[in-house]
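Letters A, B, C and D mark the chains in the order given here, with residues in each chain numbered from 1 onward.
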Amino acid sequence: MSIFVDKKTRLVVQGITGRDGSFHTAQMIKYGTNVVAGVTPGRGGKEVEGVPVFNAVAEAVQKTEANTSVIFVPAKFAPDAIYESADAGIKLIVCISEGIPAIELVKVVAYVEDKDCRLIGPNSPGVVSAGEAKVGILPGHIFKKGSVGVVSRSGTLTYEIVDHITKSGLGQSTCLGIGGDPVIGTKFIECLELFAEDGETEAVVLVGEIGGRDEQDAAVYVKEHFNKPVFGFIVGKTAPPGKRMGHAGAIIAGTAGTAAEKIKAFEENGIRVGETPADVARLLKEKLG
Amino acid sequence: MKVHEYQAKEIFKRFGIQTPKEKMCRTVEEVVEASKEIGIPCVIKAQVMVGGRGKAGGIKIAKNDTEVVEYAEAILGMDIKGISVKKVLVSEAVDIGSEAYLGIIVDRTEKKTVVMACKEGGVEIEEIARKKPEAIYKVYADSLLGLLPYKAREIGLFLYDDPKVAFECASIAAKLYTLFINLDSSLAEINPLVWDKSGRLIALDAKINFDDNGLFRHPDVEGMRDRESEDENELNAREKDLSYVRLTGNIGCVVNGAGLAMATMDLVKHFGGEPANFLDIGGSSSPEKVMNALEILLRDRNVKVIFFNIFGGITRCDDVANGILEAKKKLSIKQPIVARLTGTNEDKAMEILKEAGLIFANSMDDGAKKAIELLK
Amino acid sequence: MSIFVDKKTRLVVQGITGRDGSFHTAQMIKYGTNVVAGVTPGRGGKEVEGVPVFNAVAEAVQKTEANTSVIFVPAKFAPDAIYESADAGIKLIVCISEGIPAIELVKVVAYVEDKDCRLIGPNSPGVVSAGEAKVGILPGHIFKKGSVGVVSRSGTLTYEIVDHITKSGLGQSTCLGIGGDPVIGTKFIECLELFAEDGETEAVVLVGEIGGRDEQDAAVYVKEHFNKPVFGFIVGKTAPPGKRMGHAGAIIAGTAGTAAEKIKAFEENGIRVGETPADVARLLKEKLG
Amino acid sequence: MKVHEYQAKEIFKRFGIQTPKEKMCRTVEEVVEASKEIGIPCVIKAQVMVGGRGKAGGIKIAKNDTEVVEYAEAILGMDIKGISVKKVLVSEAVDIGSEAYLGIIVDRTEKKTVVMACKEGGVEIEEIARKKPEAIYKVYADSLLGLLPYKAREIGLFLYDDPKVAFECASIAAKLYTLFINLDSSLAEINPLVWDKSGRLIALDAKINFDDNGLFRHPDVEGMRDRESEDENELNAREKDLSYVRLTGNIGCVVNGAGLAMATMDLVKHFGGEPANFLDIGGSSSPEKVMNALEILLRDRNVKVIFFNIFGGITRCDDVANGILEAKKKLSIKQPIVARLTGTNEDKAMEILKEAGLIFANSMDDGAKKAIELLK
């Protein structure tokens, strides 16, 4: 088992004819993901990497029974791409695009939540269920099938953590980046709810960063509802307040959202926090052997 | 992106929110001129984008001509938290009846836009949020319909007992919300909102921050950017699609990805070093981008060692390697470079860099330690 | 029994301090309706006809457990009043206000349908469950408790029909006007669905008029799903095409929406159509004795 | 409310929808002048708000100077379905490649705004809807989000195979939708939408109807009302908050409520009479309103009998009675009045009217029959 994506995933790539879209379509296929369709308006009838291209998601769903979409279109067009997928009956939307204005995301998230549909991201590196399917831009070669679930607010840092886990001899069930923006479709707690029910997942790593209070909320949730071991890692200890660290969401506002308060929340709620990425893998290895 | 109080008030006026009679001035002469127009007493307010202006002596009430000159001279050129005051706002002295707080942000947890009101104005809202959160009244806008009139009224009736004033306040909340949405703000704040003794509801201070992701559709807002008061290197980095924040240490970090970049800074600190900066070269790399990154990094004279920490995914390690080679040639880099390059095309990168005189690291930890070692 | 309103109705009057609001509050109380609250922003704390006035519907609901609202505010403020009631958890909103722009109604109706809430109107004369409760402006004295349900697109014409029914010796279960606008919250079919399950209702009268095709849809529904006798009356036989007859919805567009095609649809689907209001009562009397 | 083609096109231009080069003219001289500006051949189109202008000879292509004068003279002053042509539009002769239909209305059944497209343009959409509904492609706008770009593209890709033209069409659909919403339209139509031989997508004809309930917020649209081409009495009635439609019969009907008013007309007809009008005096009555209603009604010289049918609810019968009395005094009414007044305060009404010389009826049927009887 795994969460979000697996062998049953039938993927449609929105923006498949673009530079990133076509490159990662090849990478996802190489990993074994069932990419059934691509969409680029006006390019219907073409093929990319052997995948048929359609003008609209509804058409792709009708012809290929796609159930999951991954979005590679520029930020300006991404909200429309999300609405289109949600309207077409797609059940899971993974939005890689970054730079979407927050007030658009407020609308998008409200709209999607009202449908039977889940949004991951935007500004997500994607989701990988090791050995099952890879949806997004995470590098496939670092994963190994196993029992650790990883949820992260960032991209390359996730790779770093996953790489350490794999090198320690452990493997992963599902790993995902939920995106670094202030408003995102899926947060830590929703991932934990699914990991709780996933038989394959034995432990979870939460990779957080400065800004907001999702880590604090997740910590309370873990203490109250989650029965598997959880490990944490928080970045931004050295980040100065008021300065945005790349992500729109990674900012310490006033005295709120510091790494220190997040680490404290983790530790007070039974989540062991690694000092470094290597340390996280070490803690996991100690626990799971 | 932030703007000055006087700019925020220009925007307020455009959206129909009343502000005091006031004028932005750059010289003492302009202040004297403005004080005649606005009347004495008047308030002289330093225009700097940091909190605590008042405490720092950046806001003064001038009660006569002599004080106008005296305070103008004192405030213009004053240093507030490291920033030199170049502009002041000369403002009508409002006869304050009561002060309240009105602000709008996007609430990350609720994923909604929230209007916040507090009967105590002129104080820092974060302070109140921490000490007595129950004093802050929150109203969530509907994500698709916006701030419904009945909700704006709720805010007005919370702040004021007199229905007439409450409805006037509701109308201000509605205008502030329209401003927030129409301009892609990340914060729009009236603090204090003053009910003055002549019965006006007036925005005595104004603060607007903008969502950088929305700026592309508001060139007029982008045009308000005060380039003088921003770090030139950070500005430069943004223009080159890099994300750079200067810190006070001496180990320059070049990383792909914001999370990994923060992790790298933390790791340097963890092993006893001091990072000189946050620098995210972003996803898709190119040799040129790496060149630009190094150019910006090296303007900081404190940088004694450079630490590359790259985990290639979309980013190709050979692109980074080529960028380093070129930069070494063109920028005559004297500082030692520690390179940890893993992931996509790492072998090619090693091939490219093998004779470049770099110190290689096989992990983040290893790299951070080597960089610190080099400083000894 | 009855539909929409009854003895359990706890009514809040939006716009209670206005001319129409206060007048009809008195009339509704006189009929026996349980009017528990009124709302006029800025007038909270006052009383109208002994009914406490609040600044907001949410407050009224919290303090009085109101479950139904009736709206008397001017058209310009009516959409907001509907949103407010829907947000406050009101289950049935009867909107008397007329003159709301159609594009506002499209939004209002979509919003309300997404909640556990029903909207009747706008431009409705209201709902009366004879002997139980009267919500709106229909004159109470014409009703008599009985077994005929009446659903109508118009106001005074409903009174005329009800009056004939009462004078014929029969009585009514529930009578309502669904409003004459092109976009309305509740249509014929939804009323029929409820009448079908109402033990008290033995026959239904549908009072239609020119414009749209709700009568045609209802006729097909009656034939396929409705097992009680239904009688019809359609006005506008003499109305010229392209001319709006008062209601925003009462217009024959091109060749569509004529009285003739509606009467035909009724008759083809087993609904007997009266020639005059008196005729409708006569047909009912024949059937129900 | 309807507007002329030339007005609809002015609105189109404001929303960025391309229209042919054209000019509205009121005289033959203006037409000649305009033809020089626009070029010959040009099209001269009668500006009347009824269908079937073309068949009636109201649209002509002038191929030379002589024809310009000839057609201008023919069309200006021409009678089309009882309406005298006072204005023409002189329009560029577009080199038509293909014609399509694009229109927006509120769909009553779905309770949503719908964009309709058809590959056959220049024909009546109701005709197609009846004969081959499958030829009409419908896209529903989201009630809260509006017409999403992907749905506008769907329309474009349905009408045109060439993606570039399809996207251009999508942009026109989006603009037409914005127009529809921003101006409270009840119909916005481009018929035909022409793809001309020079590659332009252009609105050759334009039709916009407005939702009367929304007019209060669009004074500019209200200002476009062509008072000349509307029935003066209907206009007058609207200004006095009455709803009046003139018919061809001789029994003047005064009723409260639109449904009852239609029922009254139908009943008159049912018993063999001919209603002279639809007249709804609305909900809350006043003697003055009744006066106004009678004044408008009596301008119709065909009216031989007046039939009052009032079912008092909000409307008070005594108000109506007082109105009748006053009107009889001031307007010197010669026609007999049949009155059926029931409901609120009917007793008072009887008291007021007992010596007014009216014929009373105790039911609708009775009233209609008595009115018809009086004509014999």
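We take it that a residue touches a chain if its C-beta (ideal position, glycine included) is under 8 Å from a C-beta of that chain, and two chains touch if they have at least 3 such contacts.
Just so we're clear, the structure is a prediction, and the values are computed from it rather than from any experiment.
Colleague: On a C-alpha centroid basis, what's the spacing between subunit A and subunit C, in Å?
Modeller: About 50 Å separates the centre of subunit A from that of subunit C.
Colleague: Averaging only over C-alpha atoms, locate the centres of subunit B and subunit C and give their separation in whole Å.
Modeller: Distance between chain centres: 55 Å.
Colleague: State, to the nearest whole Å, the distance from the C-alpha centre of subunit A to the C-alpha centre of subunit B.
Modeller: 27
Colleague: What positions in subunit B touch 2 or more of the other chains?
Modeller: 144-145
Colleague: Would you please write down the residue numbers of subunit C that are in contact with two or more other chains?
Modeller: Only 107, 111 qualify.
Colleague: Quick one: label the inter-chain contact graph as line, ring, star, complete or other.
Modeller: It is other, because the touches fit no line, ring, star or complete pattern.
Colleague: Run through the chains and report each pair that touches.
Modeller: All chain pairs meeting the touch criterion are A-B, A-D, B-C, B-D, C-D.
Colleague: Which positions of subunit B touch subunit C when the two form their complex?
Modeller: 142, 145, 148-150, 153-154, 157, 163-164, 166-167
Colleague: Which positions of subunit C touch subunit B when the two form their complex?
Modeller: 41-44, 55-57, 77, 80-81, 83-84, 87, 107, 111
Colleague: Which of the residues in subunit B end up touching subunit A in this complex?
Modeller: Those in contact with subunit A are residues 106, 108-109, 111-113, 124, 126, 130, 143-144, 180-181, 184, 186, 211-214, 216-217, 243, 245, 247, 255-263, 265-270, 275, 278, 280, 283-284, 311-315, 342-344, 363-365.
Colleague: Subunit D touches which residues of subunit B in the complex?
Modeller: Counting only subunit B, the residues touching subunit D are 144-145.
Colleague: Sort out for me which residues of subunit A touch subunit B in the complex.
Modeller: 20, 75-76, 99-103, 105-107, 109-111, 125, 137-139, 142, 152-160, 163, 180, 182-183, 207, 209-210, 212-214, 217, 235-240, 243-250, 253-256, 259, 275-278
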